[in-house]
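Take this structure first; my questions come after.
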Amino acid sequence: MDKPFPYSEIVMDHFANPRNMGDMENPSAVGNVGNPACGDMMRLFLKIENGVIVDAKFKTFGCGAAIASSSMLTEMLKGKTLEEALKISNEEVVKALGGLPEAKIHCSVMAEEALKAAVNDYESKEE
Amino acid sequence: MDKPFPYSEIVMDHFANPRNMGDMENPSAVGNVGNPACGDMMRLFLKIENGVIVDAKFKTFGCGAAIASSSMLTEMLKGKTLEEALKISNEEVVKALGGLPEAKIHCSVMAEEALKAAVNDYESKEE
Amino acid sequence: MISIQRFFKTVQTEKFAYFDNINTTFPDPRVIRKINEVLSSRLGNPSSHIHSAGVAAGRIIDEAREKVSALIGASPENLIFTSGATESNNLAITGFLKANPDFGFITSNIEHFSVLNQVRSLRNDDIDISVLEVDRYGLVDPEMLEKALENNPSIVSLSIANPEIGTMQDIEKISDICHRHGSILHSDTTAAAGLIEIDVDKMGIDLLTLSAHNLYGPAGVGALYVNKNIKLASIFEGGNQESGVRPGTENVPGIAGMGEACDMIKNDLKSHEERLKNLRNNLWKSLEESVRFINFTGHPEKRLPGHVSFWVEHIEGESLLLLLSMNGIMASSGSACSSNLKAKDEDELMASHVLDAVGVPSDICSGSITLSAGRYNTEEDFNYVKSVLPGLVEKLLTMSPSYDDYTKNKETADG
Amino acid sequence: MISIQRFFKTVQTEKFAYFDNINTTFPDPRVIRKINEVLSSRLGNPSSHIHSAGVAAGRIIDEAREKVSALIGASPENLIFTSGATESNNLAITGFLKANPDFGFITSNIEHFSVLNQVRSLRNDDIDISVLEVDRYGLVDPEMLEKALENNPSIVSLSIANPEIGTMQDIEKISDICHRHGSILHSDTTAAAGLIEIDVDKMGIDLLTLSAHNLYGPAGVGALYVNKNIKLASIFEGGNQESGVRPGTENVPGIAGMGEACDMIKNDLKSHEERLKNLRNNLWKSLEESVRFINFTGHPEKRLPGHVSFWVEHIEGESLLLLLSMNGIMASSGSACSSNLKAKDEDELMASHVLDAVGVPSDICSGSITLSAGRYNTEEDFNYVKSVLPGLVEKLLTMSPSYDDYTKNKETADG
């Protein structure tokens, strides 16, 4: 049955006070996903030192769930090795957010994709 | 559109305080119409002297409209000649009652029929 | 048109004994307070869940959904709010058959028009339809049901209790039969809910209709319980409210009122049931002894608490209802909806289909009286009826040529 | 599930500026008093017209029928009460086509789902259906209508005003065209009634939908005006209420409340209309100057008083709605019913059909904002929006990679 408010408290907190929002100077990697024409666009910046993510920032054009997913992802990434980071699935982001409405699961998928894109970017630069 | 209460004030008055209800000793004529199996039965008693209805009484098994129609008819009959009485139509009874719901018009018809039956009875006795 | 003030002038008493609870009940004070509170709360549209005013409205609905579900032992997620029993009955049957076109439809010949008249509209749709005939007490014959279910899985719609004659079916036995045949049971509990305990699981009811104004809630709101395994189609088009099955902005104040009513009823249902059963038995006995020519309708034991129905030979029912009304006793001829005083012509003045079904002589049918008490009726109310009713019947008997003929025939026979 | 208290914790202001009147209005105090009075009046079922409690209920309905009819210049006997606009729209169109199967059905691609989705269910019935495309302002092209009417008399359903983009049609011209072709016009005035003057005769509307909760009455009640020459079939089965067209016990308290609301509105409609028009124009101008990348939707002049709608490039609408909500400004993305936050899966997260129809880039559609004011909105409310909204847009722009790209491209181009 319908829930009166579709977003969890954690989602609202991350939407209202997004963590790690903004540009990054000289990022080690950037992941771009989405498309403004789709009303969904995410840019993830990573600073990587010795295989460890020492900083993560984001910019997102999207709904409350998209912004909260981005914010939560950056929090989860900091301090992780690239290998550990790549194990973070969208389900984990959803779980960390205290759940998302079914129709908004794709926002967490976008976060996962942004991470993969950033790691790809990093690896292509390393080569 | 629907009316809150289907009966006029006059109908309710004649239902609550029926005029001329009861038996008559040695009536000049009796009119019987209807059938208890139809939920509608009316008996009209007339006392006729020199061609004039000097008294009228009724007994009725029926709804509010049937009782009010009977009561009103007896009032209308008193003092009329038989000829005048036979001119009373059911529409006149309805009018005198301040109207009847459409579905109850047949009650006034029954009253008219009772009158005709009584006059028939009178005439058959005279012969 | 007679004005209400004028009507009261013909009323000969200050008494007010309301015995028409089967047609509507008075909203409980707690219900009225709740509705007032909700109306004053500056709520948004429940679908505007993006802002707190809309969220607050949604929460009120959810709270009410829990309270209404609790009354019938259901899970809140299986309850749909509607505009009333009529809509619930249509959604249950037509909505089910739209989504399950292979099913047949079985009902009885004493169901409310909002069930029975669907036969009319469904007939065009190539659906197997059976209308079971009840016995003289208004009971469905389990064997007949069994037989009707042989060919085809069906949606069976049988109410727990009939409003006009008060008879209660053995609903558990009926649901057993339905389920053994892969069929499902819809039950219109408009007349029963609030008076007897109802439990969808124990009774095995798959679709259940509730009406708020028949259980001390407001008019204009009802509910339909839908077993989670059942698929329904909506019966009209619109937005996605109520799981997409019932489009249209929810009646938030009405729903809240229905929730309060159900919550209140749950607290003390049993005690009112016992009390009303005793008062009913007592009234029945008293009328049996004091009212000449009385014929009770419906089953003498398997009947709603607080419900007595009958007809009287030699007198016509509407006249008795009017006299009762003038003496402050508000009764009805069963279902208000089938009341025919406002029929557009004589043809519509048909006898009650329910009384016809239980074998009351067809033209007496318009003559039946239903006295239906509810939780607010006191013993004094019952005593008042006992003291007044026999005299009113006698008054009409003195006016009845049919009664005259009867006595004359009797004298002849006796002498 | 977040509790309402917790939700309010994230709300950063004590302000409460309700700009979602298009989805529901707050019931007027006079309406609340009336409903309270009716609920407390120990009324019977209006169909129980044999006793005074039932008669009194019937009288309340009749009084309300007069008041609601008066608001739209109709005769009371031509008004049917329903459970709301959704039901009225279904009764008007499907009920008409059931009774007049030779007619076609014409509507536009910006009607509410309760009109538009009927295309879906009527398609099976061999009915000629056309859905007219509106222009970029949301206006129906009279020539297109004329053309669609050439073949067949039809029921044409076009609302006076669209809730999402505020555009008002030239309804008199439309009704002229319909009538010249032997067709009839249904108009859903849910969004317009209570804000602008409506007269069924002057406007030539044959069937007209009203919703109480959109004009300061309670939720759960609506009405349908039916020109006396038009035959309708009921859309569900039951008793004989509302001239046999709308079965089910009437929502007496709700109907009474709707009557009070309409009576109140009639008194001072004009002055509120003028006031809201001025405040709207003023807000429009202010946002035009202060909000970067703003794109207004709907017609700039032919629009509802108090209604401003727009989308903003580079930012997403739901985010802006949430920020507005956290700042105490309650707005919506148009019609609450089409709000997609609760869609069951991504596929249902479709763009608004209305914005799509007026040519807003398809994936921006979810991004539109509707600010809809009503009679209780003060100049202060409008000023508050003016002071807060531009900053919230700027906040989202700083978060937007799309905006970054835009500025970079621009720098490149400029440099």
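Things worth noting here:
Just so it is clear, A, B, C and D label the chains in written order, and each chain counts residues from 1 on its own.
The working rule: a contact is a pair of C-beta atoms (placed from the backbone, for glycine too) under 8 Å apart; a residue touches a chain by one contact, two chains touch by 3 or more.
Predicted, not measured: the structure shown is a model, and the values here were computed from it.
The chains that touch chain B as well as chain C are D. Each chain gets a centre from the mean of its Cα atoms; the one farthest from the centre of chain A is B. Rounded to whole angstrom, the centroid-to-centroid distance between chain B and chain D, based on C-alpha atoms, equals 57 Å. Computed from the mean C-alpha positions, the centre of chain A lies at a distance of 38 Å from the centre of chain D. Between the Cα centres of chain C and chain D there is a gap of 35 Å. Chain centres here are Cα averages; for chain A and chain B they lie 91 Å apart.
Shown for chain C are the residues in touch with two or more other chains, namely 4, 7, 46, 49, 55-57, 59, 318, 322, 341-342.
Listed for chain B are residues 2-6, each touching two or more other chains.
Contacts between chains form some other arrangement here, matching none of path, ring, star or all-to-all. Contact between chains, per the stated criterion, is found for A-C, A-D, B-C, B-D, C-D. Touching chain A in their complex are the following residues of chain C: 46, 49, 55-59, 61-62, 65, 76-77, 79, 243. Interface residues of chain B facing chain C in the complex, by the touch rule stated above, are 2-9, 12-13, 15-16, 18, 21-23, 32, 36-43, 59-64, 66-67, 101-106. Only residues 1-2, 4, 6-7, 10, 12, 314-316, 318-319, 322, 326, 340-346, 348-349, 361, 363-364, 366-367, 398-405 of chain C touch chain B when the two sit together in their complex. Residue ranges of chain A in contact with chain C, taken from their complex: 1-6.
In the complex of the two chains, the chain D residues touching chain C come out as 4, 7-8, 11, 16, 18, 20, 23-24, 26-27, 31-32, 35-36, 39-40, 42-57, 59, 83-87, 89-90, 94, 112-114, 117-118, 120-121, 211, 213, 218-221, 235-241, 247-254, 318, 321-322, 324-325, 330-333, 335-339, 341-343.
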